[in-house]
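Chain IDs A, B, C, D and E follow the sequence of writing; residue 1 opens each chain.
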Amino acid sequence: MLNESDILALIVTLKLAGLTTLILLLLGTPLAWWLSRTKWRFKFILEGVIALPLVLPPTVLGFYLLILLGPKGPLGDLMASLGIHSLAFTFSGLVIGSVFYSMPFVIQPLQNAFTAIGRRPMEVAATLGASPLDRFFTVALPLARPGFITAAVLGFAHTVGEFGVVLMIGGNIPGETQVLSIAIYDHVESLQYTQAHWLSGGLLLLSFIMLMSVYAINGQFKVGRNDH
Amino acid sequence: MTIEATFKITKKDFILDVDFSIPSKGVTAIFGPSGCGKTTLLRAIAGLEPCRGAHLKVGDMTWQKGHYCVPTHKRSLAYVFQEASLFSHLTVKGNLQYAIKRVPLSNRKVSLERAIELLGIEPLLERRADQLSGGERQRVAIARALSVSPRILLMDEPLSALDLTRKREIMPYIESLHDELDIPVIYVSHSPDEVARLSDHLVLLEKGRVTAQGETGKMLTRLDLPLAHGDDAASLIHATVAEHDDEYNLTYLDFPGGRFTVARKSLPIGFSVRLRVVARDVSLTLAHQSGTSILNIFPSTIDDILSEGRSEKVVQLNVGGVTLLSRVTHKSASLLKLQKGQLVYAQIKSIALLSDKH
Amino acid sequence: DEIRVAVASNFVPVMKILAEHFEANTHHTVTLISGSTGKHYAQIKHGAPFHVFFAADVERAKRLEEEGDAVMGSRFTYTIGHLVLWSPETGYVGANSKVLESAEYRHLAIANPKLAPYGRAAKEVLEAIGLWSSTQASLVRGENIGQAFQFVKSGNAELGFIAYSQIKNPTQFEQKMTGSFWMVPQQLYSPIEQQAVLVKNNSAAREFILFVKSEASQSIIQKHGYSTP
Amino acid sequence: MTIEATFKITKKDFILDVDFSIPSKGVTAIFGPSGCGKTTLLRAIAGLEPCRGAHLKVGDMTWQKGHYCVPTHKRSLAYVFQEASLFSHLTVKGNLQYAIKRVPLSNRKVSLERAIELLGIEPLLERRADQLSGGERQRVAIARALSVSPRILLMDEPLSALDLTRKREIMPYIESLHDELDIPVIYVSHSPDEVARLSDHLVLLEKGRVTAQGETGKMLTRLDLPLAHGDDAASLIHATVAEHDDEYNLTYLDFPGGRFTVARKSLPIGFSVRLRVVARDVSLTLAHQSGTSILNIFPSTIDDILSEGRSEKVVQLNVGGVTLLSRVTHKSASLLKLQKGQLVYAQIKSIALLSDKH
Amino acid sequence: MLNESDILALIVTLKLAGLTTLILLLLGTPLAWWLSRTKWRFKFILEGVIALPLVLPPTVLGFYLLILLGPKGPLGDLMASLGIHSLAFTFSGLVIGSVFYSMPFVIQPLQNAFTAIGRRPMEVAATLGASPLDRFFTVALPLARPGFITAAVLGFAHTVGEFGVVLMIGGNIPGETQVLSIAIYDHVESLQYTQAHWLSGGLLLLSFIMLMSVYAINGQFKVGRNDH
């Protein structure tokens, strides 16, 4: 049912979504942690900025990223002077665009989860001799697990379904920047509905199995609360 | 070796403003009414309350001085919090191991097995925190703090959730800590009984200020302090094990004012013990009486008499140089015509023996 | 009356001018709905309230007519597009395909041959001059000709096959179009015919179609870099 | 009117299996060691523990029977939880109002002002829960529970975080509740002192089962129960105010065995009071002694003598029909040749007066 | 700078995003609450289903919704028999599409926030005589406030930026179903870059001010934790 280029697109998609989620969790975790702890007066500005990419239509966001990353754009200039080739039409470019676009979905659940922990468990860990980094990993992260699940699921799924940004800065190069969402879109646009149905169905099934496993595993560890 | 502390912490309309120095050995009790700043003080010592210009020296370690401040995790301390503080994502065992893992092997002085056994938490090891009763949680928290093998132990009302039997099992263990491990314990309590039983040194806190501090025995009998006036007013007496009586299963304890008779304790001859004599339990007679079930009767001189409320008096007695408090009614006082300098017999009905080594 | 006209994105700028003229001469109002032709096709099939459909190709207009979703016999070609190879850099593209043989560019933008007629045309050209396989590695595809243009315009692709109409009439764009281009000879690709059909048989819509077919309209269309049949 | 309860609740390896009936007036204490199921029982009464086939009747209200189960919010009860339970999104005032708002005007029997004053939380009203000390939180929780004006009050170790002074201020208030409001109180405690002071009825819980229950006074002196054997063993005596002595500021209390002398209390003549006499504080003499500060001496008959450990004995005395416990050493017992039926004089050094109305 | 149709699009957008967020909060709150409380073994399946719309490219999702809602679709049939006109190409259709698409962004933060509350506060409220509904509104909702902020922000912003679904089932009809994101997209597509810039800039500024206000107000109420 799936032709070769569809399979290629599937692989690119999984690679892109996986990498994006990973980068977002890596970047987002410290940022969300900082946001949940800081008493900085103007933190709300930063919070606003983080949610901002959301309101632009993805294609438009992609358009601006294209201009930004292009050789004439401010970032393109900078990168050229550093000897880095243009990022447009490359897999790396896609990753950057997706990271940018899916950021709020990862930051916000994490920030909420970290805030919900409160100060006490961290204080307890400190009195037990755990350094800030140690207690972050051994106390804050496990206690924030529901937030991580949500962040990862939203980040991953959103990247899989993402389309506008990727379309715009990716250039739809098979095996490199052609992702599944574009492939399905192309089928729909070119009236190859049967193929579109198959591909969508497959994607849904795959995602459903993945999502369900995540939730099923998550449901097995219950983060108990000290309130009973 | 002392613990020197100067803190000034402001919280809305509450100000903790203390400056004290206490011995860095034995148990120091922080005693005061609800809301007087005990928890805040303990948190400050642990480095959990941000405070500028504080000064804190524990033995030879300077933990805070001007802008210099050792972060909590580098202070070798353990802290039993007032409220539940178990990690909810770990089992009881996980909680204990969390503490142990962070102690270098060479520093591990406390046997976890013994702590587990003593606190009776063996059957709970696989449970999660939300599957424990209030007292069980508190016991696990104590065991966890002990497994840190700290250089100083901070305890915030650790026994308040426990029944008397448990309390009496755990208290001697805490007392023994500074003997076995030579670590000072700072112990927050609002129970005079616990304070008398456990502490060597006492800091009285009121409205964020230290109102008095000193050796517990002396503090308890100082008539200018509130401790000598409550229903629980008591004196502490240091004595040594003199003899055992096999016939009646008794132990005789010598102190400068004479010899105490108490129920037999399996302590070696010559062992130092601490006795607590509650003021209400001391009655006075003019003559040495016989035909009474009271075995502990000592001739003593009245050092001071103070009215306690409108119908009672506190009598400060000198028994061979040792201070003893007695509480009597005005009526008894006037029937017996009690006055300073008078010789009377102090009858002590009951004595609490607090094992000790001083 | 209100006439809802679904227009392929690439033709929207011209259609806007046509609509203004039409509105000035009649009592009707024209609402333009721009979008991709594939989307419009699906929407019309599912009952979209459009009156006229200006497709980007022949195929989808024809299918609508054949499948009974449009007025039989109303289909006509309203424009024929021209393909150019363009670079914003002056002197970069010569009057022939030679620049394509050099390996100096990293990206060559085209519209997706599967979706867009200009993409299909670009593919035919590359095949005709025998460069289809050798340019594979540097090809970037836009979903439509508009995106292909943006790829080149933003400098991310050095050159690309775009519509002549996109650079022909600079008044449409805020900046003056500079650069160099090669007008691809018609014989290298099958004509890029765009057809329209009447979706709902109402008189205002028929009127509008007649207006588009009129002399005056045809000359406006031609001014924007299209041919007319 | 009684409270009848049958519960069977299983939690992993713990089983609560109780079936009891207690009077639905006065204070009933649930007493037992840590982890014995006190909290679980209270939660079951409140309807917070799902349990099938339970049976619960409070006075004339059936709350649970077979499949019929009144949900918690429709049970007219108030609950002071063992752990902090203030709403963190509300101020102290907001917490109190949350309770009050849900009581119909006609049912509001408790004056919030009085509760606030008595619990000393006036200055805290605008604070949020995380700005309070442990004891302050507990006091607010008590005030909040009281403002519900419930038909039954459940309290899970409500005073454990409080200092003695506070405790003694609050306890009479809780005692007075059933007089003023005629609501029964079920009070979980592990402090024998609190139990004796507060409760009319006592339920002993051990490992999830009721081991004994009955009137507190009788339970305390039953030699077959552990309560009569601990260091805190005590007897409860009901007496009436007979006379006030203005000269010495004393009050005389009559009970079937004689007349007690205590520090003056501002109670009307004829008022019923409850006295607690700790066994350790009762000494025995063969003759009535004079020249002693002890004012309360009663002739009594020895009902029973039991060994308490290897060196002490518990003596059950009959003073005019009232049971009194005394703790003496084996030595004293044999010196005085104590035996059943013998006449001795019970000297009571100190008495705790627990105001009461029975 | 903005022509009439842009302003129209802005109004439609705000109406759509506002209504969608409202509906999502109304529908999502009970669902999230139930998910956070239930002990149902197969809850993970439902959780998976809810996150599923995310993985399909919006246009494709819109395509399927179009098939479903169109006069020939199963739902369209049903509705026609009930006398309801097809929802495709109407504002109501847009709302349905957006609700469907933005669902996971609302459910998940809410569910996490509800889970974090634990049982104790609800038990306390019950003992104080609050009925389930009463305590839900007076205890659970206020305590879950951070979750609501996140849910509303993600839901609203995502609907504003949404594009594919709306384009497909809305039909881009000015004044009715043409939203701002499509208007910007159209400007970009028809090479009217200046207008696109202005519109994007305006949208960003507006959104930024809104987001910032939400966060600033949120920062002022701190939901304290009982752990200090």
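One rule holds in what follows: contacts are C-beta pairs under 8 Å (C-beta built on N, C-alpha and C of every residue); 3 or more make two chains touch, one makes a residue touch a chain.
Values in this document were obtained by computation on a predicted structure and should not be read as measured data.
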Farthest chain (mean CA position) relative to chain A: D
Remotest chain, chain E as reference, centres from CA atoms: B
Separation of mean Cα positions, chain D and chain C [Å, integer]: 91
Separation of chain A from chain B, taking each centre as the mean of its C-alpha atoms, in whole Å: 56
Between chain D and chain B, distance of the C-alpha-averaged centres to the nearest whole Å: 26
Separation of mean Cα positions, chain E and chain A [Å, integer]: 19
Two or more partner chains touched - positions in chain A: 63, 120-121, 182, 185, 188, 225-228
Shared-contact residues (touching 2 or more other chains) in chain C: 39, 42, 150
Chain D: positions in contact with at least two other chains: 83-84, 131
Contacting residues of chain C [partner chain A, same complex]: 36-39, 41-42, 60, 63, 106-107, 109, 112, 114-115, 139-143, 147, 150-151, 154-157
Parts of chain B lying in touch with chain D, wherever the complex brings them together: 11-13, 32-35, 38-39, 82-84, 123, 127, 131, 133-136, 139, 156-157, 160-166, 190-192, 230-232, 245, 247-250, 261, 263-264, 280-287, 289, 291-295, 309-312, 326-334, 336, 338, 347, 349-350, 352
Parts of chain A lying in touch with chain B, wherever the complex brings them together: 120-121, 123-132, 134-135, 138-139, 142-143, 145, 223-228
Interfacial residue positions of chain E with respect to chain A in the complex: 43-45, 47-49, 51-61, 63-64, 104-105, 108-109, 112-113, 115-116, 118-121, 146-147, 150, 153-154, 157-158, 160-164, 181-182, 184-185, 188, 196, 200, 203-204, 207-208, 211-212, 215-216, 218-219, 225, 227-228
Parts of chain C lying in touch with chain E, wherever the complex brings them together: 4, 9, 12-13, 31, 33-35, 39, 42-43, 46-50, 144, 146, 149-150, 166, 172-174
